[in-house]
Structure formats: structure tokens, C-alpha cells
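Each chain carries a letter (A, B, C and D) given by its place in the written order, and its residues are counted from 1.
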Amino acid sequence: MTASKLTVEGFADLLATHMPQVGKAGIRVAAMGEGTCTMRVEPSGDMIRAGGTLSGPSMFALADLALYGAVLSRIGAVPLAVTSQMSINFLRKPPVKPMVAEARLLRLGKRSAYGEILIFSEGEADPVAHATGSYAIPAQG
Amino acid sequence: MTASKLTVEGFADLLATHMPQVGKAGIRVAAMGEGTCTMRVEPSGDMIRAGGTLSGPSMFALADLALYGAVLSRIGAVPLAVTSQMSINFLRKPPVKPMVAEARLLRLGKRSAYGEILIFSEGEADPVAHATGSYAIPAQG
Amino acid sequence: MTASKLTVEGFADLLATHMPQVGKAGIRVAAMGEGTCTMRVEPSGDMIRAGGTLSGPSMFALADLALYGAVLSRIGAVPLAVTSQMSINFLRKPPVKPMVAEARLLRLGKRSAYGEILIFSEGEADPVAHATGSYAIPAQG
Amino acid sequence: MTASKLTVEGFADLLATHMPQVGKAGIRVAAMGEGTCTMRVEPSGDMIRAGGTLSGPSMFALADLALYGAVLSRIGAVPLAVTSQMSINFLRKPPVKPMVAEARLLRLGKRSAYGEILIFSEGEADPVAHATGSYAIPAQG
């Protein structure tokens, strides 16, 4: 009913198999719900920018994965879903601390899905970035 | 007049100083014009995805840098310009070969700039991605 | 504190003075909060499309006004704030019935504001459209 | 080959039949090419805003129609293609004079199309707005 079709462990396994670079980058699945997914990243290496902030592409990557999780929470483990469009607004400079991205689906069709993502510095109330994105879902055999 | 305020070497130096991870990721400045910039990336490591394609975040990062170069081509070396918004559409799956991102400014104001970026697999006519983005330009002292 | 700097009546007056076409199009201010605004439209004339649905530009216009109201709820009656960017995703075909657009600010800076808007067919739970947008705020004299 | 599958007259007829409000708003088809379309609008009535400029929603509507034309130039007269996403950046305030929107497709798939649109005040070199958008193409019977 209102449960995710993919557990936190299920999504973590799928990522470890198909996108091993995700775990190496310090990104973890934090929570899965029905149409929602929260990802968390521990900053390291190339994510950290001069001046003590985190890179835009690292926020983009986190948002993209959280939305992917939100899609899979509704359709189950479909590794071939691919991002077709993503738009991100950078709202505040994040300090060098863990970030969490909270995604929720706003529409799930047969061939595409659309949702939004808020990214926070862990423990803060105001988002550091807001993104929206679409996934293309392959036709089922 | 119609020349870039920053040479290829000047932009490369600025990146080496402020964003050393760019060079490590195989990204190079290929060309600078007045309001234009072309970046090139040699795929490696974490950019490469299962199935023989290149990751979305790596295309995002390349587009972001190319637009940054296009902004600096008009205002000179201002390291504090920051991306405020970026939107990317993934049009075709890129094979595992070098990509080039060609950015051009469409508007330069005192406090912000806006432009677009086409990303190609090197030597191909049809773009693999199209992006638009805005940069915030800090007030000059 | 947590009240709007502009009442429903205040925003309605500003629109009647500066944008009289809004009222003629059947658009009304429904609610104002701190950083939020709800607009409602009664469909008529050119908004209605063949096949019994409402036009995309009419949803765009409604989203734009709701975000404008959300900006003014925080800064007061500043008629010169102008939209700099707006992105809209059409999620479901709206039937020919009233629509409401609910906007909320996600960031308010000195010179710009950013927020998102959900548009619903009145009384429905699933949004017909989702938009994000930025406003440029003129420097105060 | 490299010709439009729909002539200027063909697209004008389709609009007159399915979207009569377009002509009433002063919007005309100016040119069709392979994957391109130019629309022109003569400003009137509700498009004109206080201060002597043109409304954002009127630019959005013009961009949307130009992209629709660019899609139909490749697939022929398919009235059911619908906008799924549109993003617009307002670059300069247009004066109260005719505007032209030039759209070109960047990708045409079986079920969706993506392109970009530049809007100019007639006779000016710098665009007043830039937009990108996606159309969903219905499955053929």
C-alpha cells in the first residue's frame, strides 16, 4: 500500500552493484518511503571547494540519486531508468558538513516520472539547494 | 574588442589554483572567445557508468565550467562568480569517448549572467546534452 | 513576525492598479501568508482549449502571479519586482474548472527571490502543474 | 529531405482550427523549416504592461507555439502533441513592438521532443528571452 517497493537495503544493494562510485563518494541511502527517498553524503575530497564550501556538481549528483530512489520506491528495482532533465537552484552556500537530499515524486506515468528535491546541510532548517527532475522509464518487456 | 578578457592559459591557471580537482578529472580548457568557452574532458574513473556511458553529473560539471569560462571571458578573472541556477537536458547517451562543452553567454548584467551550453561527443554533430545556467557576479569593491 | 507584509486586499489593490488584465482574466488573490500566496482562477474565454482543458500559458500566468504574491508577502508592495526565470512542468491535463496556485518562497535575498508553485484543479489532491521561479528585486533608493 | 513536413499555411490552418485564440492574440506563423519555426506577434491589449513593456506570459505563449511548430515541422500535423515542460529566462525588457520567436529542435524521439527558443524584439540583435521546452508526442495508432 503505502510502503516503498524498495527498501533502504534494496536500493543500497542496487547502487553498490550498478554504481559503485556512489558509495566511494560517501553517499548513503538514508530513508525510503512511498514516492520519497532521502540520501546523505559525508563530504570528502573533490566535493570540497576552496573557501570551505561544497561543489555544485556534488549537490547535483546527490539530488539526482535521491530522485532516482523516489522513482524506484514506486516502480521497484528498475536499473535502466535514466534522468532526462534536471534543474537545480543553489540557494545558500553549504558549509563543509554532511548534506541530506529529500526527494518526492509529483507525478509517475508509465514512461516518465517527475519530482522535486530539497537539499539541506544536516540539521539546518533552510535548504541549500532545490532541484526538480524527470526520469525516463523504459518500456517493460 | 571582440577578444576574450581571459586566455585559455589564464582560465587554465585560475582553475589549477582555485579548483585543482578539475584538472585531476581530465577536464581541460579548449578555447576561449568573447562570451564563449569550450571545455573538453577525457573520460576516466567515476565518470564511466555501467553499460558504457558517461554519468549525468560529469556532464553537469563540464557544462557548469564551460559557462563559468564564458562569463570570465567577458569580465576577466573573478574567482567569486558562483552558479545560481543550472538546468540540463540529457538528449542522447554519450559513448565512452571525449566530450566537449561549448558555452555562450546570452546576457551579461552587472550582477548576473545567463547562457547556454551544448555538449557533444567529440566529432559528433548531434548534442548529447543541452544546458542553461545563471551565474551571480559579486559586487566589485 | 509571521504575518504577511501585504494583505489579500493589499495585493488585490496593487494588481488592480498595475495589472488590470489580471482581474479581467478571472484571477483573484485567495490567501496571503508569510512567504506564501494562493491565487485562484475561474476559467473563461481564451484559457479554455479544444478537448476541454486549460491552456499552458494560463497556468504559467497563474504560477507567476502566485510567486509574485509570495515575494511581496515578505518585502511589501514593490511593484517593480520582475520575473527573471520561470520553469513549469505540466503533470496532468486540468479539466475546465477553477484552478488554485499555491506559491511558497524558498529563498529571499536582497536582490532576488526564489520559490516554487503547485497548481491544482480546485478540490483535487494531485497537482496539475509544478513550477519554480526567480524574481529580481530592484535596489531600494 | 530538409524541408518542413508542414508549410507555413499548413501550420496556420491547424492553429486556426484547433487554437483560434492564437490568431485573435495577433500571433502569426512567420516561417517553417526542417526542425525550425518562427512565430511573430503584434502586441495588443492584455500583452501590454504598465511602463511600456510586454508581459511574461505572452512571451511564454509565443515560445511555446514556436516550439510546437518546430516539432510539427518534423512529424507533420499531430494536433495532440502537448507541452510537458517549459523553462523561460527573461533577459531584457521588450519594448511595445512586434516580437519574433525562433525555435529549433535539439532532439526528436518517438515519444518526446526537446528544443530551444530565442525571442527577439523585431529587428534587434540581442534576445529578450530564451526558453527551452519538451513536448510529449502521443503514440501513433
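Just so it is clear, a residue touches a chain if its C-beta (ideal position, glycine included) is under 8 Å from a C-beta of that chain, and two chains touch if they have at least 3 such contacts.
Keep in mind that this is a model prediction, so the values were computed, not measured.
Visitor: Which neighbours does chain A have in common with chain D?
Guide: Under the touch definition, chain A and chain D have B, C as mutual neighbours.
Visitor: Measuring between Cα centroids, what's the chain most distant from chain D?
Guide: A
Visitor: Can you compute the centre-to-centre distance for chain A and chain B, using the mean CA position of each chain? Integer Å is fine.
Guide: 23
Visitor: Report, in whole Å, the distance between the mean C-alpha point of chain B and the mean C-alpha point of chain D.
Guide: The answer is 28 Å.
Visitor: Where the CA atoms of chain B average out and where those of chain C average out, how many Å apart are those spots?
Guide: Computed value for the inter-centroid distance: 34 Å.
Visitor: Note the residues in chain A that touch 2 or more other chains, in rising order.
Guide: Those would be 84-85, 87, 89, 134.
Visitor: Which residues, counting only chain A, touch chain B once they are in their complex?
Guide: Residues 18-19, 21, 24-25, 45-46, 49-50, 55-58, 60-61, 64, 82-90, 93.
Visitor: What residues of chain A sit close enough to touch chain D in their complex?
Guide: Checking each residue of chain A against chain D gives 84-85, 87, 111-112, 134.
Visitor: Touching chain A in the complex: which residues of chain C?
Guide: Within the complex, chain C contacts chain A at residues 87, 89, 91-92, 106-107, 114, 116, 126-127, 130, 132, 134.
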